[in-house]
Structure formats: C-alpha cells, structure tokens
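Quick notes on the structure that follows.
The first chain written gets the first letter, and so on, giving A, B, C and D; residue counts start at 1 in each chain.
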C-alpha cells in the first residue's frame, strides 16, 4: 500500500491534470474548480447527455469512462468522497445538449443527496434530467432490499449500454429506461485481501491480517459477509458465483456478460485463473457468455482483491453493449 | 445580537449571523473534525469552515429579499464540499428560501413552521427518519421549542436548551444513517457530530 | 502481496487456460505442453512471424501481446523463469509462415541461451530466423555497455513496431532492421516500492522497509541504483527523466513516445500524477510527445512501482507505432 | 560399468549411463535444489530430474549411431525446463553429437577433444568464460584430465579427481555469471551448483 504522490491534498487535482494532458483528444477539464471531466468535444446538439460522478480512486471508474459511446461528463470528488453539488451541476451543464441529462452513478448516500440537489438546481435552469442508480452489490443488502445495495462494478455495463443508447440519439425517456434495465441486469460481489490508502488519511482503510480475506467487502472497505483465512482461487470463485447465481434466474437460454475485475493490485494472471471457474459454472447452467471482460475496470487504487459482475442481457442490451466505445481505458469495436 | 433580539429576521440579521458563525467555525474546526473522525471521515469541521467562507464571499451582495438571500447562502454552501452535512444544510436553507421568496422579513412566530419545512426537505433529501440520531433530531426539537415563542432572545434560548437536551438524550442511542451506521455499535456513547455542529451555530448567535 | 491462486505449480497453466477461454477469438494454446500462445488464426502465408518469450508474471508482457499487428506466437515459462528450448521452438513453428521468424525478446541470459538453441533447432527444419534483443534498462549497465542491459518495458514498443512492419509484409531482413531500430530507440528505467511474490517460492522477491523505495530496480527485483526513503512523486519522476535524457540526445526536433508504466499495484491515478512531469520536462527539451502510453503495459504481478520508457521515433517508427493493433490488453486504431 | 570400463562408448553404454544417472538424480534432487537455492532459484535438482526423465523416455529407441543417440538425448533434455543448466548440457551434448554423427563408437582417446568441443559450444551459448565459477571450469578440468588416457576406468577416475579438486579450488572464488552473479559476494565459500551437478553425474558412473 505504498503510494507515489506529492501533497496528498493535491492528489486528485494533479491526477486530473495529468489525465487531461496525456489525452487531450479525449478529456477536457471543466467546472469552476476543474473537478469536472468532459469529452474534449462539446456535446452534440440533441443528444441526451450522460453524467456520472463519485469519489476519486476508482479509475477507470468514474472519470476514465468519459468518452465516445460512454459518459459525456463526470464530477470528481476527493478520494472516496462525494463531489460537491456544484461540481455535479457543472458536469450536468457540460452534458446538456438540449435533450436532457441522465445522472447515472452508484448508490451512496452522499452522492445521491448531492446529485439530487444538483438536479434541482439544473431544473431551475430548465434542464430536464433523470436518475438511474447502480445498486448491484449483492453482498450489501438482500434481494428484497435491492434498492439499498451499494453500486460497484456494474457501473461499467450501465455506462457502456446507456452511453450507446444516447449515441443512437434516443430520447431521455428511452435512455433512462435502457439504463435502468442495464442497472437492473447487473449483479456483483467482491472480495478483498488488502486495503488501500486514502492519500489524505495516510493510513489503510481497514486492517486485515496477512493470511485473511474478506468476502463481500465494499470498494471502500465497507464490511462484507465473512472474514477468514484466504481460500483457494477456485473456492473463492465458486463462492462468489454461488452468491450471484442465487440472486439471478439464469437458464440455458440466458445470455450473460461477465466482468472479472481486479480491485487494483491483483494481477490479470489471477483474474484469468478465476475466469476458468466462471466459464465452467456458466457452462453448467447452460448460459452463454457474451463479451467477457477481464481486467481492471473498477478499482480501489492499490487494493488487492477481485469482483465479479454478471450482466444478464436481452437483445437490446447486448446490441448496445457491443456498440463502439472509446476512452483511454476501454475501446470497443 | 440583531438576528433574534428583535421580533424578525432580515437580510441584515442574516449577514451578521453569517459573520459570527463563520468566525466560530474557524475556531471550532478541529473540534468538529475530531468528533466526526470518531465515526466518520473526520471532515465535518472542514465542511463547516469552507461552507461559511463561501457564504462570507457572497455576504456583502446578499439582496434584501430574505428568501433570495437565503437562496444565495444555500448555493454558496454547496460550492465547497461534497459532504453530506453541507448538502443537507443547503437543502434546509433552500426550502426556507423558497417559502420566503419575495419577502423582506421572517417573523419569530414563523420560525417553527419554517424549521418544519426545512426538516421535511432534509428528510427527503437524506432518506433518514427522526430517531436515526442525526441533525434531523435536533432540528425537530428546535421546531418544537420555537413553537408559541414570539420574542427573539427567548426563542434562541429555548432552541438552545432543546438542542442540548436532545444531544444528551441521544448519546446512548445508535446511529442509523450516514457513515456512522457502519460503526453503529461504536456510536453508542458518542454524540452525533452533525448535532454538535448545529449547536455550534446556535452558540455563535447567543 | 497477497495472491489469489490454487496450486502454485499450476499458476501459469491455469492462467493460460483462462486467457484462452476468455478470448478464444484472439488466443490459442499450442505447443506440446500448452506453453505456447499463438494467434487464434494460423499465420498468413508469406508473412514474417514474430515470436517472443520469457517468464510469466508480466502480463500483458509477453503473452498478452499476441495479436494482430503485434506478436504471432509466444513461449511462456514459469513465473520469472525462461521457457524451455522446446517451447520456444514450438512458438517459432507456430510463427512460421514461410518467410522466416524474428525472435524479439528481453536480454536475460537464460532466455538468450534457450532462444539461440531453439533457433538452431529450427534451422535444421529449414526455418530462417533472426534475433533482436531488448536491452533498454538504462539502470542496468552504462551506455558503453548497452548490450548488457536488461530488457524491460521497451518491449512494448518493439512488439508494436515490429508487428506492424511484419503486417505490412516486409521481408525478414526489413522486419529485423526495423525491430532493431525500435529496440535501439527505447530507453527505460524503473523504481520499485514493494516486491511481488513468485507463487512457487511463496515469499516476496526481496525485502524493503515500509518507507523505502529502490531506484533503478529490475522487474524481477534485480538490484538498482539506490535504495532510500520514498521520495515525492515529482522528485521520482524528475530523477528518472534525468537518467533517460542523459542516455539520449533529444533536441527540439525530436519526436518521442513515452510510456508511463505501472509495475502492477501502482494505480493509474499515480501514473497520471507522474505524467505531468514527463510532459513538462519534454516541453522544456522542446521534444514532441507522440502517442503517450499511461497504464499497465509491462508488470511484475502485484509489485508496486513504475517505469518510464522513452522511445525516440523517426518517421518510419512513428508510422508503424500508430498502425492498427489488437489484443486483449491493447487496441490501437 | 559398461560405459568406460572398456575402451569405447557405444549407444549401449549411453543407455546404461543414462539409467544410472537418472536414478541418482531422483535421489539427489533435494540436495541440488538446496545448493542452487543458496545463490539462485533453487531449481537445479528439478532440472536434472526432469531432464533425465525425458532421456529415459527416449532411451529404448536410441539408435546405434552414437552421434544420433546423443542428439536424441540432447533434444530430450531441452524439453522439460527452461533452466540454464539444462540448455547448456544439451548444447554440449549436441556439439559432441554433431562430431560423432554416423559413427557407432567413441574411443576413450577422443574424450578430451570432445569435451573441448562441448566446452566451446557451451561458452558460446552462455557467453561465460573459464574462471567464472561455472560448470565450464569443471569441464575444462575434465578435458585436461582425460588427455593421454586410454583406459575406461582410469579416465573416469582422473576426471573425477580433477572435478573434485576444481570444486575445492573455486570454493573461495566469486561467481561471475548466471543468477549467482547478483549475489557475487555471497558466493564466496559456496560451491557452484552446476559443478556439483556435474560431479553427481560422474558419481553415478563410478
């Protein structure tokens, strides 16, 4: 959990400056405090805008996914902290092409309050908007209380699918409906082996001993389902898959995209070891894996651990998932 | 103190109040950060300092329309930080602002009802309930205490007392919302930092 | 440095199985022991084949870069260990489209011995071949002894450029010449903050205290230039850039691609913080940055640290660097 | 022992030798791993075991052409592992194989020259020099000891003695090649594992 940084209080601003100077053809810093990242080109007139936002420290989430076929703008908070209402409002202004703005982000109390308030502020500026929340972490609440779940890596699918729907010039109602379907289609669970360090705090987000892991842990270190000795890769994979399958109704005619995601430090080598089990369990169910994603798509800086997301696709979602997309972290098509 | 000595609140009294609160917040930042740090991310002091600095920025240009003045304050407060408390306070201010838009004064008799409005807006914004051990509980108590009061200094004293006894009453209870919820057990015996920040603001006015 | 694995002795084979089952449209397991990864489609007749090879644990290097416009096949050893002669010979057989095979890999004693021997074996089968070694780590030997340097992240550029040259149906001599130019154009240096764990060894590759870093360290933990207290990001960046610039002759007419690379655990947030300095130092020199790469291109599993590679481009190299390429870890064009 | 008791080496003596060495390597794996582990990656025992297992796989089908037989052995040895030692041994065998291709026997008098051939090939392959404290040094000593010998058992004893005294002589020197180079200082006082493995092979034949 050692970090390479300057002043911890400049971590986010320096990161954003670097991001935009490395990829000026993709990203543009906007907003009064520079805490909004928008696409380098202004939004097309008549296109529904898609904004997201949340704490820093999760690259490519959230900021990284600003790009063609993905987000239009993003508000960025300090590491693991909500952006301010103003930053969210600025992001919405950037994403306003006159056809309304969808707010698409994770279900965290502070983010929800701020984005709701930003929405009200934009309403006063006659910008129509809607909200779709990601609440895909099955370990954070029961299926009956799905709306209380945390939003985790399922965001990747929601960004991709909603982004494609907006790119096809659907109206705000349509984009919102599709984004909600994408959000509902996602089921995720994570397991962490080490914490990470929030620069401003300067110490690990939680403590865990050298031979322990925590199943079901949230991406900020929120408590999980159990903590105990590190299990073998195949056991970990099977346990996570059990949780996800129990939450879904997959059949032999289902089509599912799977995301085997590193929380940061866990290398792709280990993700591929886990993927074997995902593949064979899906074969058991008879469900077809579509466009599997293996890599670092939603992280917590240098945290060691993995998450799985299963996204059940209907033909509409599948087509949009496969549509072209382009950002510094992910190219499709 | 011009805010509540008399029987009404004007933009002038808002300006004075903002100045006093801003000053006390600068002095109390560490204390509030520490209280928040026991259960949350320890940023409540920073939130208050930054928020009131932003209000001070707009203070001199606040309009006489007391509703619009409060609206400017609410907007200023949301600028600085992404913390829950800032947004909740701004939400409360905004709801009062909407009610008072176009008017130049708030009567002491209106305070209780306006606090209820703020409370409703904040409940909706934060999806919390009374009893969850948050700032909402001291606002509810304040509204109750302000009822049937018509004098500036007595209403302030009544609110102050109500807030303090609410804090005392809740100390042994569990937090049910926000970051503190994760450490729900740990919250027993500790004061809710949002309640403490609310009392600090009152303190500045007393 | 906690790992998610089953039997440490199966780490590599399970990883390869997972890789190929996740991306069957890209990768195919070949060779007697499955320790060769080839493109899913057989090599085009008359195309020069490009093979690489080396120890596992560096994804995307080496295996990940098998793909269109990149490598044709790759021999994979155990973690940080050379592949066998046989595996290398098999990789060369996969990459043989009748126009000869270029062996393009890092300058490590065991790898060189084995690849040379594999080359001799293939000579007996009338397959023409050539060798280009990456020796880009400026911290591992002086400029005068450049041929003794270790090969590190510069491989990414060499794979990309040589792969594009082969895709354009140049002959073996041409591809070899261009690959050698690419290799010569690369200058790299790394700094490590934590070690990683080789599964079969079960313990970290080296020890370093919580507040220390090592400048110039190799990707397997080979000794560096100095070890001391962790410096600030900007100081680290400047020191690394000083080493690279001292080794090159950049002028205000130079065009340079820069790779700011994570060794594994270091998150992209911190790479972008470092990139700011690379950018401003290049501006000082007056050299133009072309196609900057920021991310995890050459890693050591969960090692914390970074490397910089500067690749000085002439117009031929630049054109080939920008040519299309496609693998699971990197898409260009 | 049929390999060197008589005055020549045939494919039959190669088969017997391979069997004996393979057996001793199974018993000595831990010892060689440990020796390699002190300075390198601790895999030398595994390398030897796996290499000779592969040779045993092809043993029964080795041709009478002693050159081709050695060529098959060399190829078999490279199958299993990527370690330096395996490739170097195979390189040495291959160079002898090339020389003896088309013949059915190796005369004891040829041994010294063939070892020199192997040595040259191995030097070229590994880019090491004599004196670097590697297996090359014991092979050079072996070649020297084999010179002017014409009897199978005496040449083996001479080589054995030369190897042992070379190991003794190099113990206090520094390794200059391979993984051990990184720990050059540490190598003082320790035997080079590649030399030890070479002696083990001779031991199996004695």
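As a convention for this text, a contact is a pair of C-beta atoms (placed from the backbone, for glycine too) under 8 Å apart; a residue touches a chain by one contact, two chains touch by 3 or more.
Only a predicted model underlies this, so the values are computations on that prediction, with no experimental measurement involved.
Centre-to-centre spacing of chain B and chain D amounts to 84 Å, using the average Cα coordinate of each chain.
Inter-chain spacing, taken between the CA centroids of chain B and chain C, is 58 Å. Put simply, the C-alpha centre of chain A and that of chain B have 34 angstrom between them.
Separating the CA-averaged centres of chain A and chain C is a span of 30 Å. Residue positions of chain C touching 2 or more other chains: none. The set of chain B residues that touch two or more partner chains is empty.
If you sketch which chains touch which, the chains link end to end in a single open path, with no loop closing it. By the definition given earlier, chain contacts exist for A-B, A-C, C-D. Of all the residues in chain A, the ones that touch chain B in their complex are 32, 77-78, 81-87, 109-110, 112-114, 116-117, 120-121, 201, 222-223.
Contacts from chain A toward chain C in the complex involve residues 2-6, 11, 14-19, 21-23, 56-57, 59-60, 64, 193-194, 210, 213, 230, 232-234, 236, 260, 264-276, 279, 292, 294-296, 299, 301-302, 304, 306, 328-329, 331. Per the touch definition, chain B reaches chain A in the complex via residues 41, 43, 75, 78-84, 86-88, 90-91, 94, 125-127, 177-178, 182.
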